[in-house]
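So, here come the structures, one by one.
Two complexes, one shared chain (chain A), two partners (chain B, chain C).
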Partner chain A sequence: MADSGADLANRTSPLSGFHGGSSTVRLEAAPPAERISLRARAEDVAALSSALGVDLPVRPKTSASGNGRSALWLGPDEWLVIAEGNGGLMQAAKNSGALHSATDVSHRNTAILVSGPGAAAAINAGCPQDLSLKAFPVGACSRTVFGKVEIVLLRTGGDAFRMEVWRSFSDYAFGLLAEGAQDAAV
Partner chain B sequence: MSASSNSGTFRIKGAGRLTPARTARFTFDGKSYTALEGDTVASALLAHGVHLLGRSFKYHRPRGILSAGPEEPNALIDVSRDAARRQPNVRATVQEVFDGAKIASQNRWPSLKFDVGAVNNLFSPFFAAGFYYKTFMWPREAWVKIYEPFIRRAAGLGVAPTEEDPDHYANRYAHCDVLIAGAGVAGLTAALSAAATGASVFLVDEQPEVGGALHYDTATTIDGQNGYDWAQATAAKLKAMPNVTVLTRTTVFGYYNHGFLGLVERVTDHVAKPGKDLPRERLWQVRAKKVVLATGSIERHMVFANNDRPGIMLASAARTFLNHHGVAVGRQVGVYTAHDSAYEAAFDLKRAGVSIAAIVDCRADPGEALLAEARALGISVLSGHSVTDTGGRLRISSMTVARNGGGDARKIPVDALIVSAGWTPSVHLFSQSRGKLRFDDVNQRFLPNIYAQDCVSVGSCNGTDDLAELIDEAIAAGGGSVALAGENRFEWTGGMIGAAEGAGPDTTVKAFVDFQHDVTAKDIRLAVREGMHSIEHIKRFTTNGMASDQGKLSNMHGLAIAAEMLDRPIPQVGLTTFRAPYTPVTYGTLVGHSRGELFDPARKTPMHALETAEGAEFEDVGNWKRAWYYPKRGEDMLAAVNRECRTVREVAGVFNGSTLGKIEVVGPDAAQFLNLLYTNAWDSLKPGKSRYGIMTREDGFVYDDGVVGRLAEDRFHVTTTTGGAPRVLHHMEDYLQTEFPHLKVWLTSTTEQWAVIAVQGPKAREIIQPFVEGVDISNEVFPHMSVAECSVMGVPARLFRVSFTGELGYEINVPADYGPAVWKAIWERAEPMGACLYGTETMHVLRAEKGYIIVGQDTDGTVTPHDAGLGWAVSSKKPDFVGIRGLKRPDLVRENRKQLVGLLTKDPAVVLEEGGQIVADPNQAKPMTMLGHVTSAYWSENCGRSIALALVAGGRARIGETLHVPLKDRTIEVEVTDMVFFDKDGGRIHG
Partner chain C sequence: MLLIHCPYCEEDRSELEFRWAGEAHIARPENISAISDEEFAEYFFLRNNEKGLTYERWRHIHGCGRFFNAARDTVSDRFLTTYKAGMPKQPLPETGASEKTVETYEATEGDAR
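So, the complex of A and B:
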């Protein structure tokens, strides 16, 4: 480590300073989080789940949360695991001893928190998924599209979503959400 | 003056549903009028006795209002709020009046009443069907200079606005269990039924209010209630249900695969002062599990001589204007019909105090019930008669009536003529859904037959005319149960398709079939005579049904005339396919949010703001914004680039390489996988080392390149070109999943995880040294092509000793959020040492000085690694890799292939043009034998002369030869050289 704090690099989030929304939608940049892209075969899911402290979901469009960690099913052998703050996810996965690939994508993604009674409508300005609670209940997640960019969408509450997006697409996503939020309020 | 007379002298007191006190002012061609709220432009103008609204497409004939709905072919107007908010080709029968609307007629010059283009009418024989194909064949240049401009001006519709559209448009995706198109009796009933089951329901109607035919049909009662009132009450009930969405002013314009529908909602077009937050229109993209089509029917006009004069309109339209808008379409109204429904219109008008000149019914026996009612109202009926002509210039003044089969004609003065040839079921959406129609011979109409999707048609679009039957059908379609009883007056009967009496002879008579494209009955007959026997050919030859109304009124008439000429039954002649959109949709709606900054994502690196602050000019690379060069005050691009190039080689430069594609390849079989994807061998690469790799496709041609670092036995950090990142990952994933699924390896895009700060030049090590911890970066321990995981400014980093400049160089990868801080610290240290920031242009020049290729610039998809001088990167020991067989194809191993070489101009000051063709003998006859082309060309400040790379046939064997690059005005002499122009022995990179 460098000797003094002054030498340490500061973080600059891609969406720092972004605020938006409407009377029915609140948009905010999520705080920094640790994320890994986790890949593994079915036979190694149990060991990884136990090492991560969260049950890796095995059904499409589902997620699991616990211990400050969320695991989002993205494919038959693929999960996005998100931890609040610095969760030591890489190490935890390594400790499982199971065959897997864990890649740190904490900085690749950023997230926008979308909440309020118009949240689903705002997201539906660019996302073709059915966001009714029946089709997309709390905890549902999907790697999908939002306008021209790819996102991972997680429903965190009846009126609340977390939109994960690659950092260079985040201002586009935020801008489109802002227009969607405006239209969701009329 | 009372409010009602103020809003037009043809407004009938007590008639209609509009409120006399609520008025709106608008102008038509500059003249001011008062309308009532709820008026369409058509009803408001008719209330003031204005029937002349425009000129026709081809002959510039005066035209009026034919319908009261979206099927309108004639009354196209230009609507504006201000200079930028202006839309041409709006149907006056759909556009609601708002206070302050400026309406203008179209396709007339200098004025609507006196139009020079009407001369086309006199020369109409010249404009017969197919005239485009026959007349203007040659000379070719005349198309550009004379014919096309002339035709465009003469035969046009409205004029597009030139200013940017200041309105915004919204998009919304939605899903539902049942979508119901059309909110007349059938649609409303189906919605009630579906909603009762708890299903999520979309009920969509293009009109401002629900009700459909109940707008004009005042004789229908439902559950003992006036039909229109029942409709409004039902809509209110439906709107209050949480599972129902009712959208009015919304057109289902497209029915695509798998229950996907396009809807356009007109949000503000009827509002005088729309709120800024409101979109003008909203596109709904709806996925419906089931679709109920309740789209109703469209009345047809009668085809007879001069049937297009202003004042001639559909009977149902006259009835709508009377019963909904409270407007009489004339004071002395004639009726010409082949169907009962026109009688209803005549009766309503008569009861409202309008004089009916006569009902002319081409049928011999209209039926006693109708005749009795007509008698009771004092209306004379001429059955077995036809209208054979009309008089009047800018509006109809008379109809000429004669007994069918000949007899004395008599002229009856009228100021309006309402017509009905019967009803055409609206099967457009059904047809768009790929459903197959059948021909109902008895009633001469096409009806839904075989469904291609989960869809059902109800009501008159399904040929269900009886109200009780219709209600039962709609309830069943909704899937629920509702108790509802309806009652209406008549069983409507009759109708005809094709030309009526008096639509000939072909030499002179203009009996219009398609009003919007000025197609007459004789045009269709001509098309058949000229050999068009398929309706598809007839349509294209005559353009019948090809205007923006898509032949909603004309298709059936055109088909019947063609069938008669061909002496074939109608189903054998066929019906053209209906296409989306059902009615025109604005570009704004389709574009939606995708404009301005949301047109396309502009990808910015973490250091973008810092680069901007340092004065960088940016260039687009794919969607990325990359710093191109950093001009200092007074520097142009060349001066800046020259300075940057010199400084990097003399001191050092700092470069943002963040956009470089990065893929993490992880797993026990990672090396084996890379062996298969790259031409190089990877087993021998030790952790902590990196290697330049070439990727070919199966065909053996170079696909991408990049440096690959091995971080651990089972983990590689792969870099790709900036533009190649997504496709290279897909390419790798494709092979992994389809060809090598047995390999235990996974791929993850990490392009955006890392901010990349390249420091290149003799002082590079000195610059980065104080920031790096956890690795000895001395030349001995950390030589060229080393890689290490370490710490930079306390941040976990990946450090590459790598160079794309030929200098001592490092690429520092830090987690992207830390990029700006690390960049700033490095630049603050580098600047006082005399280093520079450099952009992509300098990067390009420096790499060219070293003969390093750029895939996609120096290669073009036909270049092998050997062609590019990279044969050394192709392993001869590996048993397999993607491209190994392609590289053995005879054409890829033959002599004299184009090879990448260097070019030096004989005059060192001359910089070649990239793309310039290369020949051996500049004096040979044209076309010359091309040997190849220039792929890269720059001024090299470090070499003190121009340099270039080129693909040249047999290039390496030509080194030392003089070749030529002929340009338009001169020929440049060049010498073929090797590809390295600077530091030929390559010592600097190891510095």
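So, the complex of A and C:
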């Protein structure tokens, strides 16, 4: 039988083809990444950190990066770990031997990269957090709200953010960001 | 915008990130299979719904996800203190006269109680 390609499941990016921004804000869909939602007790953090190759942060609103991986503090026993490409996070967590709960959420989330001098203003169009560098320095991260949807926000640079959002909400989040970007340029 | 102090995130956050989660400091009876229906109803259904100072559970659902306890004045909607779940009732900070100056129907118009 001829191969029509219909038996193949091609991955589609939820934000492919989206574009927006303004003279002060650049909006981009982030490349696909591997993500796990990690829950663990305090005594198991050290073993998981060495297995994942990145120190799980234990202070509120902080993150750690290294070896192409980022670990974001979401709660006292909860982290979002992001790896570029296919990073083998589930296997690494399993290899730790420590008691934990890891859920692969790579395809649940997508991310929008927001950068430029108006980035904070564009995000504040729908996010109530203080995004000044004093309150939200580089490396700070938080689960919060953006308009009507929940997001995880990570500051990757002085004027650069990564917004993690559930893929079915990404249309809404990108649209609201595009509106915020227009307002930030006024 | 109302700011609520999350004892786990250790900072003030917008009320948009929080959800109310009912009255606090309600202990589950240890011998729950032995208590009477009235005692179970008292534990399970009946709440004081007090006007003024109340102790409540709140959840930072769009933040760290944690439940915590708060002392709140239901008349002024002011949070007097917040503290971690599992801790006993915390002493309240001194609050000047402003709490007493809130005008209520009972205070100004009638004696309905």
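Keep this in mind: the second predicted complex is superposed on the first by the 178 of 186 C-alpha atoms of A that agree within 3 Å, B and C clash if a C-alpha of one lies under 4 Å from a C-alpha of the other, contacts with A are read in each partner's own complex, and residues count from 1 in each chain.
Just so we're on the same page, contacts are C-beta pairs under 8 Å (C-beta built on N, C-alpha and C of every residue); 3 or more make two chains touch, one makes a residue touch a chain.
It should be emphasised that the depicted structure is a prediction, and the values quoted were computed from it without experimental measurement.
In the superposed model, A:L176 makes contact with chain B only, not with chain C. Residue contacts after overlaying the shared chain place A:P76 against chain C, while chain B stays out of touching range.
Put chain B and chain C next to each other and count what each touches on chain A; the higher total goes to B.
Of the two partner chains, neither chain B nor chain C is touched by A:G68. Legend: residue contacts after superposition of the two complexes on their common chain; A:P128 is shown touching both chain B and chain C. Contacts of A:G20 after superposition: neither chain B nor chain C is touched. Touch criterion met: A:W166 reaches chain B, while chain C stays clear of it. Looking at chain A, you'll find residues 128-129 touch chain B in one structure and chain C in the other.
Chain C meets chain A in the complex at residues 1, 8-11, 13-14, 16-17, 62-66. Residues of chain B touching chain A in their complex: 168, 170-175, 200, 267, 275, 277-279, 282, 285, 287, 593-594, 597-598, 600-606, 623-624, 664, 666-668, 744-746, 748-754, 771, 773, 791-795, 814-822, 825. Interface residues of chain A facing chain B in the complex, by the touch rule stated above, are 1-2, 7-14, 32, 37, 39, 77, 99, 101-109, 121, 124-130, 132, 135, 147-149, 166-169, 171-172, 175-176, 179-180, 182-183, 185-186.
Residues 60-61, 74-76, 78, 128-129, 142-145, 150 of chain A are the ones that touch chain C when the two sit in their complex.
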